[in-house]
Amino acid sequence: MYQEIILDHYKNPHGRGLRDPFDAESFQVNPTCGDEVTLRVSLDGDKVGDVSYEGQGCSISQASASVLTDLVVGHTVDEAMSTMEAFVELMQGRGQVEPDEDVLEDAVAFAGVAKYPARVKCALLGWMAFKDALTRTEANRRNGEAS
Amino acid sequence: MYQEIILDHYKNPHGRGLRDPFDAESFQVNPTCGDEVTLRVSLDGDKVGDVSYEGQGCSISQASASVLTDLVVGHTVDEAMSTMEAFVELMQGRGQVEPDEDVLEDAVAFAGVAKYPARVKCALLGWMAFKDALTRTEANRRNGEAS
Amino acid sequence: MTTTTSAGSVPLDVGAVRGDFPILARTVRDGKPLVYLDSGATSQRPLQVLDAERRFLETSNAAVHRGAHQLAEESTDAYEGARVRIAEFVGATPGELVFTKNATEGFNLVAYAMSNSATSGEEAERFRIGPGDEIVITEMEHHANLVPWQQLCQRTGATLRWFGVTDDGRLDLSDVDSLITERTKLVAFTHQSNVLGTVNPLETLVRKAKSVGALTLADACQSVPHMPVDFAGSGVDFAVFSGHKMLGPSGIGVLYGRRELLEAMPPFITGGSMIELVRMEGSTFAPPPQRFEAGSPMTSQAVGLGAAVEYLSAVGMDRIAAHEHALTEAALAGLGEIDGVRIIGPADSADRGGAVSFVIDGVHPHDAGQVLDSLGVAVRVGHHCAWPLHRRMGVPATVRASFYLYNDLSEVDALVAGVREAQRFFGVA
Amino acid sequence: MTTTTSAGSVPLDVGAVRGDFPILARTVRDGKPLVYLDSGATSQRPLQVLDAERRFLETSNAAVHRGAHQLAEESTDAYEGARVRIAEFVGATPGELVFTKNATEGFNLVAYAMSNSATSGEEAERFRIGPGDEIVITEMEHHANLVPWQQLCQRTGATLRWFGVTDDGRLDLSDVDSLITERTKLVAFTHQSNVLGTVNPLETLVRKAKSVGALTLADACQSVPHMPVDFAGSGVDFAVFSGHKMLGPSGIGVLYGRRELLEAMPPFITGGSMIELVRMEGSTFAPPPQRFEAGSPMTSQAVGLGAAVEYLSAVGMDRIAAHEHALTEAALAGLGEIDGVRIIGPADSADRGGAVSFVIDGVHPHDAGQVLDSLGVAVRVGHHCAWPLHRRMGVPATVRASFYLYNDLSEVDALVAGVREAQRFFGVA
C-alpha cells in the first residue's frame, strides 16, 4: 500500500504550513490514534485560493493532505467537492473501486490504502478538515450577509 | 422428593393461623416466586411458647412451616436454634448430609428436597421468618430493658 | 408435525430444525426426553450459531475498532457485519443499533441518558426530565421495563404512571387520554407480554404518544424472536431486545434508537472506544452507536447473534409465527379442557404470542413445575419478573409454557399430560 | 523456549501452551505465521475455554436463578460454580464478585452507585459525593478509569484530581499528601499500566487512602491476567478486571467489592433478578452480588471465564509472570539496541509488566504497525485508550507490543526485526 507517490508526498509535502489570510479553519482529530490536522481554506471568488495545513500524523494522513492541496487549489469549490467525493468513494470502496486518474491524479495511489480499513480514516483526515472548513466558510458568508 | 410426610403436613398443616399475643412477627418473601409467610413467635420464659403463621406457598414451604412448629414449640430458644441449624445444614447439603432423626423428626423427610436447589428456598422460608422473629424478640427485649 | 402459515406457504419442518439443536437430544431426570418449553426465559442455540462464534474465535478474534493488524480488521468486519445483518432483520439502519449486554441494559441506557441530560449540553434538552414530567408504562411490564423508570423518577422527581390490564389480560386503554398527556415525556410498553402472551397495539400507542410529543420505547424482547418486526416502519423511537431469546448468545442485547435521537442523547456507560477527545479536564464523545458502546464489546456474541438472525431469516419469521400460533392454539385448547386449570392471559389466540401461563386449583405452580420437571417437561414457575402483573391477576405465581420454532405438537401433549399428572399427584383430580 | 521462575520451579512449556490455542497456528498477510503481540488489548482463548463454553451450551444452557427444571439447576450451578473459582483466583469470597459485561461497566457501576446514593437510604451515606469532595486518579489511567469519574464529577459537582507521571513512566508520588486529603472520597488507580507496563504500589496507595477515610479502587485489568493477586489481602475496596484479557470470553468482566461495601451500595442497572419486592409504587433490592446483576446474565461467558482461571492456575500465575518477565527483558534489550527507538515507560524491568510501548524517530506508529502487520507481527498502535498519558509523555501515539503466556522469544526477535525493517522502509536507518 505504500506507493512511491505516497512516500514522496510524505517526505516532501506540498502546501504545508498555516498561512494567512484565510476564510475558515478546521481542526480534526482521529480519536483512535490521536492524529491531528489543522487546515485553513482561503477562497478566491468561487475558487479555492489556498489550502494550508499543519498536523501530526502518519505517512498516509500527511501524504493525503499534500495530495489534497494539489487537487483542489485553483479549482472551483464545486470541482473540489466532486473530487473529494471521488476520493471518499475510492477510500471506502475496500479496494473494489476503480479510481479515475483524470479526476484523482496522484490520489489514485491511495487505492491500496482502501484495502486496510484501519487506515482509511488516516487518508480521509485532511479531507474531512477541508470539507468542514468549506462548510464553515459558507456559514461565515451567510452570517456575514445576514448581519 | 414429595415424601408422604411432606404431603401430610401440606394437607393438614400444624399450628397454622396467626394468633395473639405474640412477641415478634416476621414477614418473609421468596423473590423468585412471590411466596410469602408471616410468622409470629411468642416466648414463654426461655422457651418458645407458640409459633403461629400464615402465608401462601407451595407444598414444600407450607409443610416445612408446619414441621417447624412441631419441632420448636415447647423447646428452649437454644434448642430451637440448634434444630434450625441442623435443618439448614440438611437443606444446603445438596443431598449429601445424613439427617439426625432424633433432632429433626419429621423434617428428615425434606432430605430429598435438598437435591433440588430451586426448592431449598421454599423449605427455608418459614425458618428464615422464625429466625428473624427471634432476632426481633431479642431486640425488643433489649430496647425494653434500655428504656 | 407440520403447520401451515396463513399465507399457505411451505410449513416449518420441525424435525429438520430440531436436528440443529444438540441440547434438544438430551434426556433429563433419569432418562426422560427433554421437552423444553422455557424459551420465553432463554432459547437454545443451533449449531449454526455455535459454529459461527467458534469459527470467529479460532480464526479472527481480536480487539475491534482499535488495531491495525489483520486480525483486528477481520474482527471489526465480523462485528460490524453482524450489526448490519441484525439491523436489516428488525427494519433499522446499522447506526441505529447499540449493542448492550442484555435487554435490561438497554432500558437503563435510555433511563440514565435521560437523567444525565440534566448535566449535558443543549442538544440533550429533549431528554430532560424533572418534577411535573411523567413516564407512562403498563401494569404488564417485565421488571426490566419498570424498575429503571421507578429509579429514574427517584433520581429526577418525575412521576411514574401506568396503564392497567383487563381481566382477560389485555391492555386497558380506556383511560389513555388521561394517561398520555402533555406532561408525558416517555411511553414505555411491552410489545408482547412474556407472561400473558398479549401483543399490544404498538402503532396505536406510538401515534398517541407522538400526538403529545412524548417519546416511545417498546420492549421487543418477546416480539423480535417470534414475529417479523419493522421498527422504522412502526415509528417507535426506541426498542430493546435480547440475543439469548432469539437463538443467539447470552451476554448481548440490542437497543434500537432513531438516529436523530441517538445523536442528541448523552452517553450512559463511559470509557474507552466511545470518546472523541480525552483530556484530564474533560472529554467529548463519539457519534452513535459507538458513543453508547464503552469498553471492549461483546465481539463473538455479536457474531453469534448475526448468525442467529440469518438462521431465523432462513427459516422465515412468518413461518415461525404461524408455527407458534398453531402450538399456542393447541396448548390453549388442551389446557382449556382440564377442569381446575385457569389460563392467565387471553384465552383466544388473536394478537397473542406463544407464552401460555396458567394456574391449577389446589396445586401450587412450584409443585406443578416440579412434577412436570420429573416428566422431562421444562417450564418456568413464579412471577416471571412481572410481579405487579401477577398481583393484578390475583395470583402469586403461574406456570408458564413458552414455545419456539423447535417445539412440536407432541410437546404440547406432554405438557397437558403433565398437568393432569400433577393434579392426580396432589389429589385434586 | 524456557524461562525459570524466581522460585526456580519448572519453567513454562510454551510449545505445549501454544498447542491449546488454535488461532496461533494461522497465517496472515500472504502466508506469514501470526505473531500475536496484542494480548494487552485482548487475549486469545485456549481449547479448554472454548470447549467448556460449548459443552455448557450443548448440554445445560437455561436461565439461571429462575427455573425449577433440571437445565435451570445445572446452569445455575455452572454459573455460580464459576464465580467460586474466579473468587478463589483473586483472593475473594464469591459474594464479593459481581459479573459485568466488561471492566468498563465495573468502573461505571461504582461511579453511578455513588451518584445514586444521593437518592438512596442512609446505609448508602458513605458513598455520597458532592461539591467539595474529591476523587483522585492518575495521569496514566485507561479512559475506562478516567471518563466515568469525570462524568461522576459532572453529575455531582465533585472535583477530579490526579497524580502525575514521571519521565520514566512511574507514578509521581511526590505530592501524595496534598492530593490525598480529608476531602478525598475515592482513590482510583491502575494496578498495572496498559501502556507503560508500570506496576503501581497498590498497598501504599491503599494505606494512604485509608488513613484519610477514602475508598480505593484498583484497575486490575492488566494485573489479574498476568500475576498472582490477592484482593482481600491487599485491603483494596474495589477492583475491576476483564474476562477477554485473561483467556476468557468477551462480554464478561468482574467487579470485586468488599462485602460490607457492596451491601451498603445502591444498585446501578436495575430490572429483573436483582429485586427483592416489586410493586408499581416502588421496589426493594436483593443482597449483593445479585443486586448488581440485573437481567439475564452472561451465563456461558461466566462458565468460560471459570475455565480460563482453571487454565491459568494449572499453568501457574507465578510461572506466567516469570515467563512474561523474561520476554519483557528481551524486548527491552532488543529494542533498546536500535538507534532511534525510544521506550515509553520504565526502561528497566523491575515492577513492570509485559506491555512495551515505544516510538521510532521518523516513523509514525501507524506506519510502523503497518510494516509489522505486513510481516505477520500484530501489535497495537495509537494511544491505547490512554490519551492524557500520551500527551504527558510528549507523543501522540505509540507502538505497543504486549506479551502473554503463549508468546516466545522468537516472537520478540520478530518484533525487533520488524522495527528495523520499518526503519529501513522509511529510510531512517
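We just call them A, B, C and D in the order they show up, numbering each chain from 1.
In this text, a residue touches a chain if its C-beta (ideal position, glycine included) is under 8 Å from a C-beta of that chain, and two chains touch if they have at least 3 such contacts.
Because the structure is predicted, anything quoted here is derived from the model rather than measured.
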Those chains which touch chain D and also touch chain C: A, B
Which neighbours does chain A have in common with chain B? C, D
Length of the line joining the C-alpha centres of chain B and chain D, rounded to whole Å: 45
Distance in whole angstrom between the CA centres of chain A and chain D is 38
Residue numbers in chain A touching two or more further chains are 32, 116, 119
Which chain C residues reach two or more other chains? 66-68, 72, 275, 277, 366, 370, 381-382, 387
Residue numbers on chain D that touch chain A, as the complex places them: 364-367, 370, 381-383, 387, 390, 396-397, 425-427
Can you name the residues of chain D that touch chain C in the complex? 22-23, 26, 28-29, 34, 36, 38, 41-42, 44-45, 50, 54, 57-63, 66-72, 100-105, 107-108, 112, 116, 119, 139, 142-148, 150-151, 154-155, 160, 162, 242, 244, 249-253, 267-275, 277-280, 282-283, 294-301, 366, 369-370, 372-373, 377-382, 385, 387-388, 391
Okay, in this complex, where on chain D does chain B touch? 65-68, 72-73, 76-77, 275-277, 286
Contacts from chain B onto chain C in the complex sit at residues 1-2, 7, 11, 32-36, 56-60, 116, 119, 122
Given the complex with chain D, which residues does chain B contribute to the contact? 29, 31-32, 116-119
